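Paired with chain B in one complex and with chain C in the other, chain A is shared by the two complexes that follow.
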Partner chain A sequence: MKRREFLKKTSILTAGTILPMSLIEVAFANEADGSKSGENFTFAVISDAHLQQIKGTKFVRNWDMGLKKAVAECNLMNPKPDFILFGGDLGQLGKAAEIDHGAEILSALNSPVKMMLGEHDYYLDLGEHWMNRFGDPYYSFDHKGVHIVVLNSILVDEKWTNKWKDPMERMQTMAGLDDPNGSPFMVGLQQRQWLKKDLENISKDTPIIVFSHSPLQKLYKGWNFWTDDAELVQDILKPFKKVNVIYAHVHQIQYNKIGNIAFNSVMSTAWPWPYPETYSQGTHYMPKMTIKMNRADPFFERDATGWQMIDVHSGRVDFNFQLPNNKNRTVAYNEKTEQPEDMEFQKEQIPPQTHY
Partner chain B sequence: MKKILKTIALSTLSLYITTMLQADEFTQKDLDLWMAEYKSVVKEGRKVFTNPKLGTNTVTCNECHPNASNTHPETYPKFQKQLGKVATMAEMINWCIANPLEGKKMALDDPRMTALIAYITQERKGIKLDPGKH
Partner chain C sequence: MRLLKKTMLLIASTLFVHAQPLGLPPVPIPTDNPQTDNKIKLGDMLFHDARFSADGKVSCATCHAKEKAFTDHLPVSKGFSDKKGTRMGTRNAPTVINAAYYTSQFWDGRVPSLEEQSKFPPINPVEGGLHSWDHLVDMLKKDDFYKKEISKVFNIKPSEITIEHFAKAIASFERTIISGNSKFDRYMYGGEKDALNAQEKRGLAVFLGQGRCVSCHTISQTHALFTDNQMHNLGVGFKALGGKSSEVAKEYIVMLAKQKEKLKDKTGNKVDNHAADELVLAEKRFSELGRLAITHEADDMGAFKTVTLRNIAKTGPYMHDGSLSTLEEVVEWYNLGGKLNSNDPDTPFLDGGIRPLNLSGEQMVDLVAFMKALTSPEFENVKETK
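Right, the complex of A and B next:
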């Protein structure tokens, strides 16, 4: 199928899957005095594209198509998302060619784009090219009554960072998710101090959304589904009544709640990763409440990949996962149980697919 | 007939005795050597599993299968609907090399194939065999 035909076909398909969703009326709570506490809004997250240069202008077709599909679908959203966050890992080996290729594909988006850094964008030149192109790797902004923070959570200690003679060897080691010579991620002291200061003048009632590439919780160290100083970052967020952490890196649906902090992960547009428990020789701490995705069908190359649109209401986030070849899923914040829940499958595991 | 049987019995006995005399027992040295051989092939398998040159597009096996997870070697052979037949893990590995890695299928007795199977199976050590399972 030619690219143009493909895009045309995806457009028709996605119009079918997205339009009904745009009709969802998201209710938000009124204050006791009848005033509205904040405005509802929708944004999208596209993440973990892992564009991989083969040589010159040749890139891995499969990963390219994943990102292009997400961009095409995002552009069809109605109403348009207020912004689109790219969740990191635009490239695979942090090459300028990969980051530029990604920037070109993302430039087709017709909503404002916010960028987050992933380890695959960083460990070749320590983020130099990425930062030249996209700016600071951590920052905050306010949007319709919500305070939004983007962190760079993929730092590791300086000793590890500086021990490599060959930057590409460092990048390749970090790029191997299961490489035993990698190092655990952290936000680090400097950013934690910045975060404290950033939140100093924010009212404790203001809803907060924190974006981080790695989970700001400890799930499985072997694959860096992990942030070493997660508890210290959680401590900074604890005093706020409504905190939502949205993270990338894991290429699968996860959700959790720790105190007032709700956690949601986003999908990759490139490939899915197995859940840590499928590796029988590791110790993992997966959140019990997460209803897992089905095993991917490798014969359909977009299976178990996807992107997500997110409704913000009452300071909490609802996730609408767009999953090609799989039933789309919604993981929404349940005000009664005060935790994120799958709208359809929370009470029982998803019946297994029959096509893998 | 009786004579023939007797001859067979005798020759079997003599064969048994000769074998007993000739058969060597495994020494610890043998076991260590064989285990070292096996481990070196597992190690080689991990190298193949992470080698960007296995296919043609620089994609490696561990990009999708960290620690060889979700390869479920314990379920092979099994009917693979998409291949339309009962397949061994080697055939599925070849499918992966030909498709996500855009490479050339290898001979089933290629030393790299043996190494890949050794590594993948080693990562799944201890899991109950469950052939045919989906």
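Right, the complex of A and C next:
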């Protein structure tokens, strides 16, 4: 069966429900050109929980409930995801208590958990507690014919990192939006060299999935929807036929493709961010965030948050977004247009605004 | 032209609603089932006729009795009886009063209309217990009165009688069980400033403010349905799943497929609703899956329909499983963010709108007083349920 036909036939079913998930197991080992490309599998991403300690064992209830709901829903999935990646920002201010609290909630998951580091987990103690608990902040592994890389993309230059006397001041500055005292994220030379080496012996036909906390592309600097050395990382990934970059941090659904690299973002379990207006054409200026956006619907705390199940087949990824109080969405890779596309809303896309 | 046609239909459909009770909008009438006096009378008879059950003793009115404000005042409803005893359901009988305004029926909204709803209880194995709709239709056709009346009301030959006619007549009758004119309505929509006393007014303030009630139990400028017609997880029934939500959901999906296969020939293309209808009323653990049993969406785990609060003082016990016996308990439940004991765990599936409210004892008492002001005069004499 060709992928497109598959998508057509399952477009109603791929919405990430407990029943259809079992149907996604439909064999799909052959690519459109008839070649084999590994097994199909499903994994989940839960991300940006931002658990915040109030005092002692008291944590912000809203963020706790968001993560707990995602964990419980993830455990409903049938078949079980092969693994669950946590996309970073487990805590809000990088405190040991926050990271430990998050680890405890995540321990209820019924599938193996992989961890990624976010800036909120890092800039208090430079990731010391996080690394003690979860291990290396960048690593790779192979799963059913796909090479999977987890990067630490939230580093900044050493001068900035070391200029602070008060670690909490550093953390708070990095947590802010549009803060002129902040600094742009990067993967850095050391990790880029590691990545090159890691990919050295991987066949160019092997599908690659790269997880990064920040987008491995440049969207909006003021909010660090940005990785300063994105082009250099993309250069390393260019020789591979099928590359999928999955990033967190933006708390919203984004998808695009640059060359061979398909990009998908994931939702936060805590709160949504608005769309950065770099989407519009031509020069203009982002308004400053004067009111921190908590939630889209002031009554339903889960509104505009969520998590995602991802189907991997033919080396490409299809996202099934689980969106509480909202219609679930599917962003799937369309082999015909060679782009990730929303299965429902793509047709009605509104062109970007060119004037006010 | 199309607009004109629509307008005509609208006029036609509203003609039958004579004096609209204060506080309620016109009753929505489906265009394929217009209200007629004869049909309503026929529906009234069918609603109260116990012959359409396995033991000849269960009618719609058994669980929806007028003298009990169209409920049965039981935590969960009883079905027919035989040598094995009386069948027990898993859910609380919701009142028929103002059910015509819901956009879906049953606690999990598994059918969209009263017509679709009214045909299931007679053939559910723990309610009416008839084998099939064919059986029921046979009974109608063999009864001289019904044969004649149905043919007349729907302008058909007796041989053309189907379950749809049974369902339509009952639905038409149910669309006449409409009730407003409460003290709240007189205060809110009737301009009677003194219709609510000081305590009830304070309760209304809690209802609109700190109590967060109105976000789901909606009130508008011109009328109040006290429902958003949505499904929410309030934490009710969470304990009954004993931490096995995931296992029960998986078991249900397997059982549902089997049940659909079993019912395939009996009911044609309505198997989806039919299989779910049987499973959720037969097994408490499946019942507690709530809306998920219908949509299979993770976000619908344990979610049930927001029910109207009109006549709420007369329609206890409360919640989909009848697990809360008084309005005081209900308010306490919401005040603690979906539990009766502050030390109980929260369900991780809890709706995003439910959180502790920090109401004072006085605020809670006021809120209950306000809810008691939602009783319509015609049900004022129904014994209060605790």
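Going forward, the second predicted complex is superposed on the first by the 298 of 356 C-alpha atoms of A that agree within 3 Å, B and C clash if a C-alpha of one lies under 4 Å from a C-alpha of the other, contacts with A are read in each partner's own complex, and residues count from 1 in each chain.
Throughout what follows, a contact is a pair of C-beta atoms (placed from the backbone, for glycine too) under 8 Å apart; a residue touches a chain by one contact, two chains touch by 3 or more.
Remember, it's a predicted structure, so these values are computed and weren't measured experimentally.
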First, second, both or neither for A:73, with chain B first and chain C second: second
First (chain B), second (chain C), both or neither touched by A:322: second
Partner chain in contact with A:222 - chain B first, chain C second, else both or neither: first
Which of chain B and chain C A:273 touches, first, second, both or neither: first
Partner chain in contact with A:299 - chain B first, chain C second, else both or neither: both
Partner chain(s) touched by A:177 [first = chain B, second = chain C, both, neither]: first
Contacts of A:52 with chain B and chain C, given as first, second, both or neither: first
Which superposed partner A:60 touches (first chain B, second chain C, both, neither): first
Doubly contacted chain A residues - partners chain C and chain B: 61-62, 299, 301
Residues of chain A that touch chain C when the two form their complex: 15-20, 22, 61-62, 65, 68-69, 71-73, 75-78, 110, 299-303, 322-325, 328
Of chain A, residues touching chain B in the complex: 50, 52-54, 60-62, 176-179, 222-223, 271-274, 278-282, 295-296, 298-299, 301, 354-356
Chain B to chain A touching residues, read off their complex: 50, 56-60, 62-67, 69-70, 81-82, 95-96, 99-100, 123-127, 134
Sites on chain C touched by chain A in the complex: 212, 215, 245-246, 249-250, 253, 292, 295-299, 301, 346-353, 355-356
